[in-house]
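In what follows, chain A forms one complex with chain B and a second complex with chain C.
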Partner chain A sequence: MRAVAPSAPVRPSTPAALSNPASLRPPALGQFARLLMNLGPTLRYSVLIGIGFLMLYPLLWMVAGALKPNHEIFSGIGLIPQAPTLEGFAKGWQTSTEYTFTTYFLNTFKIVLPKVVLTVISSVLVAFGFARFHLPGRRLWFGLLIATVLLPKSVLLIPQYLMFREFGWLDTFLPLYVPSAFATEGFFVFMIVQFMRSFPPEMEEAAVIDGCNSLQVLWHVVVPVIMPAVISVALFQFMWSMNDFLGPLLYLSSVGNYPISLALKMSIDVTEATAWNEVLAMSTLALLPSLLVFFFAQRYFIEGVTLGSVKG
Partner chain B sequence: MTPRLSKRQFLGAAAASLAAPYVRAAAPVELRMSWWGGSDIHKAQLAALRRFEARYPNIRVRAEYTGWLGHLERLTTQISGNTAPDLMQINWNWLVLFSRDGLGFYDLRQLGDEVDLGQFDADSLAFGTMAGRLNALPICMAARLFYYNASTYERAGLPLPTSWDELFAAGPIFRSRLGPEYYPIDLNLQDVVAIGRAWLLQRSGKPLVDEQGRKLNASESDMQEIAALYRRLVDEHVTPSVEEHASYGNVAPHEMRSWINGRYAGVYQWISAIGKSADTLAPGQRIELGAYPLRAGAVDAGLLYRPAMLHAINADTKHPHEAALLMSFLLNDEEAVRALGLRRGPPVSARALKTLADDGKLTGIAWQGREQVRTLPNHIHESGFFEHPRVRDAFMEAFELLGYQRLDVAAAGTRMYEDVNQILKRVIR
Partner chain C sequence: MYTNRAVGMAYVSPFLIGLALFLLFPFLASLGLSFTDYRLQDRWSEARFIGADNYTQMFADHTFRKSLWTTLIYVLITVPLKLVFALFIAFVLNFKLRGINFFRTAYYLPSILGGSVAIAVVWRYVYAGDGLINQALTLAGFGTVNWLGEPSTALVTIILLRTWQFGSAMVVFLAGLQGIPQDLYEAAKLDGAGPWRTFSRVTLPLLTPVVFFNFIMQSVQAFQEFNGPYVVTGGGPLKSTYLLPLMIYEEAFKYFDLGYASAISWFLFVLIGVITAIAFTSQRYWVFYAQDRERAP
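Our next item is the complex of A and B:
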């Protein structure tokens, strides 16, 4: 593999061709066609950049809005603020509550991190079971699991609320992440199962012959292979939990326990004009963790989502 | 030494006797209180709570507040889970959701002097009463009134409309003098429902929803009349069409570019919420209260007059007396009233009004609105079911079909009549 230099010319090169580079060009290529050749990538990239800009516009608008004074935000769609100000960030971080945004950020991570870890562990375990073990009634159980994906979440709200009230867990973070320890997100289990099915079981069989028990097989053989899927699950759960509004709204009553998603909507009322620049400034900051995590894990994420779907 | 001691003892005894009603509250108590609001309200309300805690050192108040979004969902869950706060701010139409029999909230008449009911007139007490039980006390009363962008009217060379005819006449003048993107008033479909009701009630003089009969207190032709009113408002360029409204996307009226820049020059807005429309105007624009238009021979202005928000106490609270102390403090006490000011709209409590009047704080367009309401003929108590979400949606849907010309005036009126009657039959139980 390494023997071929990356810059090795494709066409067979004779000494004559090397001495006269013009002869390398296809003979029929005229002036106009050459222009087109150069124009092609230019056009392609300008279209791509244009559409990319359109797609990113709302995001850019949010960042620009954070730098504008309030009355300027809705009076135009331009991005450049007339008099840029960081007031939105300063005031937004202070908030109108007894706490600063630091508290809300910390609360968010106290919910999101355990939730992501528990989801990954439980989903991988359950998916491994479905993909590799022949339990009695496996198809039925798997069908039931998929059925929970279709169940509207609002149906569960009141019964779950009553259950957690009996546990004495209201106004704590527990109701928000403990359920994740039981592979409650059927979609993730489904995704990992599909991913596992795309790999032949021979490697695992070899590991069993070498004396691994099931958990060792999972840890040493399966998990390294399904890493892209695991990272996709973690990323999805991270982003969904960051944005979850209804769960914290119902289970957390003390303002000191609110995560970002609630805190962002704290100052939006029906009787009072909203200081949108503060809301936009804090939304920008709230987006950063998701963006950073996504950029760092982007390669695995794309692979994880697409590979399972194609080969499954 | 002896006389001084005895004097101190005397003072101590006097203080003890003054504090006698609260002796039973001396053990430390933690109350929970919930409200929704925006930044200013949160700050003011928290300041008021700190003052309450300073006054009653044995009571701690845990504040549980959110923005508007999701507050009802959360309260519903808490009430059905029996974990509602001791004192809560509620919307008026939530009374029919949670306490049709009057048992959903604490009966305030069961409490002693802690609630100073003398500060509230019979009318406002009636609004908080369900099935004979006083469930809630209003923080502020509200009605929808006509507010105009006076700067735009000046540019059009028109005085603010004082009658329906002048309002209708302003449409073509706006179009010819300022341009087709200028309108005398901006009405979204919800405003249209309210204005249609006012228009009808000014002639009929009776509430639109008949709660006993579980139906509309109006005929099919009445409904066609308000459908025709909307058609006329749009056709005569008085208010923008649904298409034009939709082109702005799902934006709150006070955040629409045309309102900010003065092209939509009026609103039909609650006096408790008019502050937001005034705040978003671009610099140089001025908002003013307009005269309320009355039809010839109108017996009633057809105002939708009701509490904008109320305080209620949890029916199962462990500390009803302390919760009542807090409620009364927030509604009546000078310190709390000064902290809150007119942020919640003009207060109802007589003592609160006096405090603000003494401070010279009773000014501004919300207060002018409250004064205007007192001069208008206003005798109709509308049923809370008029503002039931499903009733409102049925009205709005018919207006929307009319606006997009999918139905003509007669068919839209018929549809409103049939749909709303059907829904009323189902929701009033």
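Our next item is the complex of A and C:
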């Protein structure tokens, strides 16, 4: 039903961009868009399922390959193993080194857990300072905090390495998590500040009148409210540190200190030509913690990503 | 809200210490190192000032020029490809479809896992001579491609690996799309705008802040790509995937030339800085913020 003729006066809420002559209309794209609209849900679902299937296929192929005997990986791209076996997992776990993946998993968690805890504590403290206090030079400090997000890490790498060498920290886990105690990842602080600012400080003021000091306010009033943001920070840091490769590559030299990321890289260099199923099995296990965390807590990831951007 | 400045400074002090110790000091130290001849095994005091020699050497270095060129090509293809994909899927997901959460999860998954070495390892197998892609090509009756062994295709595998991870940009786009007020679409419909016109004149302009954000984040990230070339291709063949971060790493920790590596890292920093600065200045010509709309007559 078209009650209003196309010549009806333009409504005042129309954005200025509607009359922007710069955006010309490529006819092919127009037809494509119309096609997409007209074919409706069927086409949209087909597009979504088709692309989604292609995208997830490498992951499914990895899991399937981990369950196949090695020769079967090369004899077909199907996902159902003809002769399913756990041999890849058993042999892969043993590795060709003197250590097993038990060591590599433990090492990974020895890095990741302190890193997550320290990041959360330092980010919350610093974010509270930025969001609720009038500080001298506040704009400058906060500006620098944002700038650290855009700063390429390679420009810091060499002096950081020399510094940690000076500290005698090479081949220990310290260089990998100690910087996190100092809120060095501006992105996380920024995320929490954004979240804190979306709440009016009235509750906190009431607590102050009741005689709470700022630390009590933070712990009893602020932290419960900003919990979703705190969880997002913890999850992102968990994921990113699980994935971290360059840090361990630089600082850890003995195989006994290797986390999973280095162990996997080592395993393809050693077993390249032969035991694909072992490597695929270990890759599957390496991704498992992240996968589980992601499936159980995906809304925090999605909130976290959008918190840092759209609301900012 | 609190007035006690000393307490406030105490809260932000971890950041201020970290900023000085782990960010500003290394940042300036690498600038200083870039003007010296300094080997990995040297003590601090053994750094020898050589002026701008590292920079002159850099611009004359064929490997550096090739690496810079490869990096630019990589970023110029990966970032737009990723953004277009992310926007397209977000746009399709934004129709009120059933099961949107399921699809959003499926598309987001690769970008959550994709940074890991496990994925890079799998990627190497996917594109290997007898890997998934070549088996599929054979099955479909095509010839096989030596993806990782040919200089012309090796970079493609890295580009595809990172484009595959368009999920986080997509989630941001989707949130942006859902934030566009419905009354604008109704207004456009009343004015007789077709789907393409609605997209190009309503959706896209209102989405420009999100496009801008995604562009900056993805570009900065793409310029720092290390894991992909290091694990999947090792920088080869014939340095065809030798991106600048990989070159910095190898100059420093394989050839032990920290002065030269620092010079390259500063070049990369300035390059990213210039591109970010251009993007920020260009904002007022193409990025459309909501407050502009409220101010418009």
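Keep in mind that, in the parts below, the second predicted complex is superposed on the first by the 227 of 312 C-alpha atoms of A that agree within 3 Å, B and C clash if a C-alpha of one lies under 4 Å from a C-alpha of the other, contacts with A are read in each partner's own complex, and residues count from 1 in each chain.
One rule holds for everything that comes next: a contact is a pair of C-beta atoms (placed from the backbone, for glycine too) under 8 Å apart; a residue touches a chain by one contact, two chains touch by 3 or more.
This is a predicted model, so every value here is computed, not measured.
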Partner chain(s) touched by A:K265 [first = chain B, second = chain C, both, neither]: both
Partner chain in contact with A:E98 - chain B first, chain C second, else both or neither: first
First, second, both or neither for A:A275, with chain B first and chain C second: first
Touching partner for A:F74 - first (chain B), second (chain C), both, neither: both
Chain B versus chain C as contact partner of A:L162, first or second or both or neither: both
First, second, both or neither for A:V189, with chain B first and chain C second: second
Which superposed partner A:M242 touches (first chain B, second chain C, both, neither): second
Chain touching more of chain A, residue-wise (chain B, chain C): C
First (chain B), second (chain C), both or neither touched by A:E204: second
Chain A positions touched by chain B in one structure and by chain C in the second: 74, 76, 157-158, 161-162, 245-246, 250, 262, 265, 267-268, 276
Residue ranges of chain B touching chain A (in the complex, touch as defined): 32, 34, 36-43, 46, 62-70, 73-74, 77-78, 80-83, 85, 251, 254-257, 260-261, 270, 272-273, 275-277, 279-283, 308, 343-345
In the complex with chain A, residue positions of chain C that touch it: 1-5, 7-12, 14-19, 21-23, 25-27, 29-30, 33, 44, 89, 92-93, 95, 97, 103-110, 112-113, 115-119, 121-126, 130, 132, 135-136, 139, 164, 168, 171-172, 175-176, 179, 183-184, 187-188, 190-197, 199-202, 204-206, 210, 213-214, 216-217, 220, 223-224, 226-227, 230-231, 244-245, 248-249, 252-253, 258, 261-262, 265-266, 268-269, 272, 276, 288, 292-293, 296
Contact footprint of chain B on chain A as seen in their complex: 70-71, 74-76, 95-98, 157-158, 161-162, 165, 170, 245-246, 249-250, 253-255, 262, 265-276, 278
Partner chain C, residues of chain A touching it in the complex: 4, 6, 8, 10-11, 13-18, 20, 23, 25, 29-30, 33-34, 36-37, 41, 44-45, 47-48, 51-52, 55-59, 61-62, 65, 74, 76-77, 122, 125-126, 128-130, 132-136, 141, 144-145, 148, 150-163, 166, 179, 181-184, 189, 201, 204-205, 208, 214, 239-240, 242-243, 245-246, 250, 260-262, 264-265, 267-268, 276, 279-280, 282-284, 286-287, 290-291, 294-295, 298, 301-302, 305-306, 309-310, 312
